[in-house]
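Same chain, two partners: chain A is paired with chain B first, then with chain C.
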Partner chain A sequence: MPTTDHTLDQILDLAATHFRVPREKLSADDDFFKTLGIDSLQALDLLTRLEHHFGIELPDYELQGVSDFRTLANRIQARL
Partner chain B sequence: MNDFKGQTLSWQMVNGAIELALHRDPCNEIGSLTLEELERFAAALPGLANEAQALIIHSTLKAGFSAGADLRELFQRGQEMENGAALRGVREFLERIHAVMNTLDATPLTTIAAVHGVTFGGGFELALVCDIIIADRMTRFCFPELRLGLIPGFGGIPRLKRDLGNAVVRDLLLTGRSFNVVKAQQIGLVSQIAAEGEGLRLARSTASQVGKFDRQTAAAAKAFVKPIPYEELKREIDIFCGLYSRPAVEEGLRKFVENEGVQPYLP
Partner chain C sequence: MLDLRQYASLGAALKDALERWPNETCLIEADREREKVRLTYSDFKEMARPLCRALEDADFKAGDRAAIIMTNQSKWLISAYSIFFCGGVLIPLDYKLTAAEHLQLLAHSKSRFLVVEYYLWRAITQSPEFAKLTVEIVLVTEAPAGEDLRGAYRWEEFKRKGDPQFVARQREDMACIVYSSGTGGRPKGCVLTHDSYLEQCASLTAWYPFWPGVRYLSILPTNHAIDFMVGFIGPFICGACVVHLRTLRPEFVRDAFVRYRITYVSLVPMVLKNLERGLRAKFDELKPHERWMLDRLIGLNKLLTRGRPRVEVSRRLLPQVHKAFGGELRALIVGGAFTDPSTLQFFYDLGIPVACGYGLTEACTAVTLNDLKPFRADTVGKPLPGTEVRVLHPDGDGIGEVAVRSRAVMSHYLDDPEQTAQTIVEGWLLTGDLGRFEGHGHLQLFGRKKNMIVTEGGKNIYPEDIEAVFDGLPVKEYCVFAANYLWPQKTLGNEMLMLVVRLEQNQQFDDRLREEIVARNRRLADFKRVGGCLVWEGDFPRTTSLKIKRGELAEEIGAGAARAAVIGI
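== the complex of A and B ==
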C-alpha cells in the first residue's frame, strides 16, 4: 500500500496537471479551493478524477469541511 | 417542427435520430422556462417520432448534463407567495414536469441519455426516463434532495426503483451522496461508459444501431420491459408537497441560494 506522502504527491500532481497550476505552487496544507481557484462543481470533477486515479469510491460527505490537500490525502488513504 | 432553437434547449433531426440538446447556463437548471420548452418538445414528439428511430438527450454545457431543479426560482417563488399559493404553484409545476417525463418515458422511440459531468436531482431524473444511459467517464450522479428536506420530485424514486435494487436506492437516496460512472455501471444504471467528451458520439452510434430494427417490434419490446409506475409517480408528488411547506425546506433552500461560497453543490 502506498504511504500517505505518496498519495499526497499523486493528488498534487493530478491537481496541478488538470487545473494547469505549476506543481511547485501546490503544497500539502493549501486550501485547494483557493489555490486551484475552483468552485464546488470543479471540486466534484477533481473528486471524480481522484476516484478514477486511485480506483476507489470516496463519498462526498467524507469531504465535508475538507479543503486542504493533506486531509484529502488522509481520506483517500483510508480507502486504499 | 423538425428543428427548434429555444432559450434553454434545442432539437434537431440528425441521421434519423432526434437530438434534444440542453443549453441553459450555468448547468441546465430546470425552472419554469425549461419546463415550457420541454412541454413544447413533448407536444412535438409524436410528430417527430414518425420520422425518427431514436431520441438522444444531451447537454452542450461543459459543467454537465443538468444540476437539477432551479432551486433559486423555487426559493424566490416561495418567498413571493403566501404558503397556500406557493404550494399550489409547486404542485402545478410537478404535475406539468411529470406529464413531460411520462411522455418521454412512454414514447415508442428508443431513447438515449448521453450524460456527462453533473447529473443531479432533476437532471438525473430526466436521464432516468430514457431507455439507455450512456455516461461520459466524468459523470457524477446524485439525488441531493434530502439535504433540502425534500425528496426527488420529478419522478426519480419510482424510476430508480424500477431500474435498480431497493437497497441501492435507499443508499443513494438516504445518504444524498454523489457517485461516479464506475459505481453507476456496477449497480446497473449505466449501460455504456464513454471516454471524456465521447458520450454524444457513442449515443449516435447506439441510435444508428437501434435504427436497424423494425420500429413496431422495438416499441413492443420497450413497452414490455419498461412499465411506467404511474401510481407511485402520483404518490411521489403527494409526498413532495406534504414536505414542501415545512420551515426546514425554506431553511435548506435559503442556505443553498444564499451560499456565496464555493461549496453549494457539496454536502
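== the complex of A and C ==
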C-alpha cells in the first residue's frame, strides 16, 4: 500500500494536471479552493478524478470540512 | 392537488396525501448509477408507521421538538413526516455546519429528539462540546454494524408494531424552527407555523402546480427553505415524485436528468452557472456550420417564446439541448441568492424557462416569483398570491427597503423578542433588502442595507458569526463587515466579507500579521471566509458594556475610507 506521502504526491500531481496549475505551486497544506481557484462543484469534480485514479469510492461527505490537500490525502489513504 | 384550505396542519395534509395516491411513486433515491430506494405513497406510509409508533412509545408529545441533520434522502422525509404526524415541531438543521454549531443549535432549539446521519453523528460525538448535548433521544441512520453509537439508537431499529395515533395541531401552532443562520453570537431561529407553510404552499402551487407523474429533482439541501417546500411539501400534496441523489457530482446530476426524466429542479445560482458553463463549452466544440445552425435555431426559439414559454415548440427546435436535460424538463427554479440575468436569459433562449424568485427564511420560502408571463431576466418576479410587498422610504429612483406582509411570514424569532421587534414592525417583515417596483409590478433588487452577505450557493453569512475565529489576533481590535454594508452600492453579486483591524500603536500591517489572518481565515468553511482586510486608524465606538457599535463604526468607515483601501488576503 502506498504511504500517505506518496498518496499526497499523486493528488498534487493530478490536481496540477487537471486544473492546469504548475505542480511546484502546490503544497500539502494549501487551501485547494484558493490555490486552484475552484468552487465546491469543481472540488467534487476533483474527487471524481481521484476516485478513478485510486480505484476507490469517495462519498461526497468525505469532502465535508476539508480544504487542504493533506487532509484530503488522509481521507483517501483511509480507504486504500 | 389537495385543497389546503381544508387542513389545519402539515401533518394532516401529508397524511391525506399518502392516502390519496397510494400507487403513485413519491420517492426515488439514487446513489450514482445505483437506484437504492423507490417508494410509492403507500410504501412511504408503511415505512413511517413503525417510526411513529416508536416515537409515541418514547413519549414524544404534541409540541415536542425534533431536529434532523441529514443530507437529502428518503429517511429525511420519512422522519419529518413522522414528527409532524406525532404533533412535533421540526428543526431542519443545515448538515454543512460544524459539529460545534450543530450542538449549539440543538441546545438553542431545545430539541428533545434528533435524527442524524452516521458520519454527522460521528463528528458530533468527537466534538469537545459533545458533553453539552441536550437531546434525549438520537436516531442514527446508516450506522455500520457493531459501531458504538454513544447512546444513540439505530434509525432502522427504532420501530414498534401497531397503529400510531395521529396528533392534530392547529394552524397557529409552531410547525418548524428554521435557522436563517446566526450560529455565532445570536442564533436566529425563525418560528414558522402550520398556517405559514400551508398558505405558502397554496400560493406557490397556484402558479407552479405539480401533479402525479411530475418528477422533481431534489438537489438543494432539504433543510433549506426552498427544497423543504418545493422538494417535499409541494410535490407530496400534489401526488408528485421527488428524486434524491446521494452524490451531487455534476456528472451524476446530469445523468439523473435523463435517467429520471426530470420535470422540475431547484438550483442555486452557482449550480445554474455551472450548467451554463458546461453547455457553452459543448456549443464551442461544434463545427462552424453546426454552430451557425444552432444560433439560428436559438434565434427562432427566442422569437417564438417572446410572450410566454412554449416548451413543446422549444423541444422540437432544439432537441439535443432538451434531451441532455431528459426531454421532460418544464422549468428550472432558482433562488436563494442573486442570479446573473444573462444566465437566466441564456437558459430561457434555449427554451428552458427559469422561475427566478426572491425569498427569505423569515418569509417561509418565497416572496416574489417570475410567473413567466412574460419571462423577465432582470427582475425577481411579482409578489405571490396572498403576499403584500411594499418599498419603504423610496429614494429618487424609487429604491427603498422591501417590506413583506403575508400569512406565510414567520411569527417570531425563537426566544428573541428584541430581534423580532426590530424585524417585524406593525405586521410588516423588514427584509433589509433594497428594491423597487418597475412598471409591470415586477420587483427588482438592488442590494442590501443589512450587514450580511448571501453567497452564490445560497448561504446567508452574518459577519458576527465568523468573528470568533479571529479571537486573539495580535491587533488592538477587529470587526468583520460585509463590504457592501460599509460602502452601499445599488447592485447585487460579488459580495464580500472583510476584516477591519485597528492596529496597536507603532504596529505595522506586516507579512506576519497577514499570514496569521490567512491561517485563521482558513479555519472557516470556504464560503464563510473574509476576502479582504482594512486597516482602520480610529478607535472602535463601543457601548458601556464594551460591545462594538457596529452601525456607528460602519458609518465612520464608509465615510472615512474607500473600498480601494481594502487589502486582498
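By our rule, the second predicted complex is superposed on the first by the 80 of 80 C-alpha atoms of A that agree within 3 Å, B and C clash if a C-alpha of one lies under 4 Å from a C-alpha of the other, contacts with A are read in each partner's own complex, and residues count from 1 in each chain.
One rule holds in what follows: contacts are C-beta pairs under 8 Å (C-beta built on N, C-alpha and C of every residue); 3 or more make two chains touch, one makes a residue touch a chain.
Quantities reported herein were computed from a predicted structural model and do not represent experimental measurements.
A.B. asks: Quick check on the superposed pair: does A:D39 touch chain B, chain C, both, or neither? Answer first, second, both or neither.
C.D. replies: In the superposition, A:D39 contacts both chain B and chain C.
A.B. asks: A:L63 contacts which: chain B (first), chain C (second), both, neither?
C.D. replies: Touch status of A:L63: first partner only.
A.B. asks: With the two complexes superposed on chain A, say which partner A:H52 touches: chain B (first), chain C (second), both, or neither.
C.D. replies: first
A.B. asks: A:E24 in the overlay: touching chain B, chain C, both, or neither? Say first, second, both or neither.
C.D. replies: Once the two structures are laid over each other on A, A:E24 reaches no partner at all.
A.B. asks: Per the definitions at the top, what is the overlap between the chain A residues touching chain B and those touching chain C?
C.D. replies: Common to the two interfaces on chain A: residues 33, 39-41, 44-45, 47-48, 59-61, 64.
A.B. asks: For chain A, which residues count as touching chain B in their complex?
C.D. replies: 33, 38-41, 43-45, 47-49, 51-52, 57, 59-61, 63-64
A.B. asks: Provide the residue numbers of chain B that touch chain A in the complex, in ascending order.
C.D. replies: Residue list for chain B touching chain A: 27, 63-64, 67, 117-118, 137-140, 142, 175-180, 182-183, 262-267.
A.B. asks: Please name which positions on chain A make contact with chain C in the complex.
C.D. replies: 31, 33, 39-41, 44-45, 47-48, 59-61, 64-65, 67-68
A.B. asks: Could you pull out which chain C residues touch chain A in their complex?
C.D. replies: Answer in residue numbers: 71, 96, 98, 117, 119-120, 246-251, 270-271, 274, 456-457, 522, 525-527.
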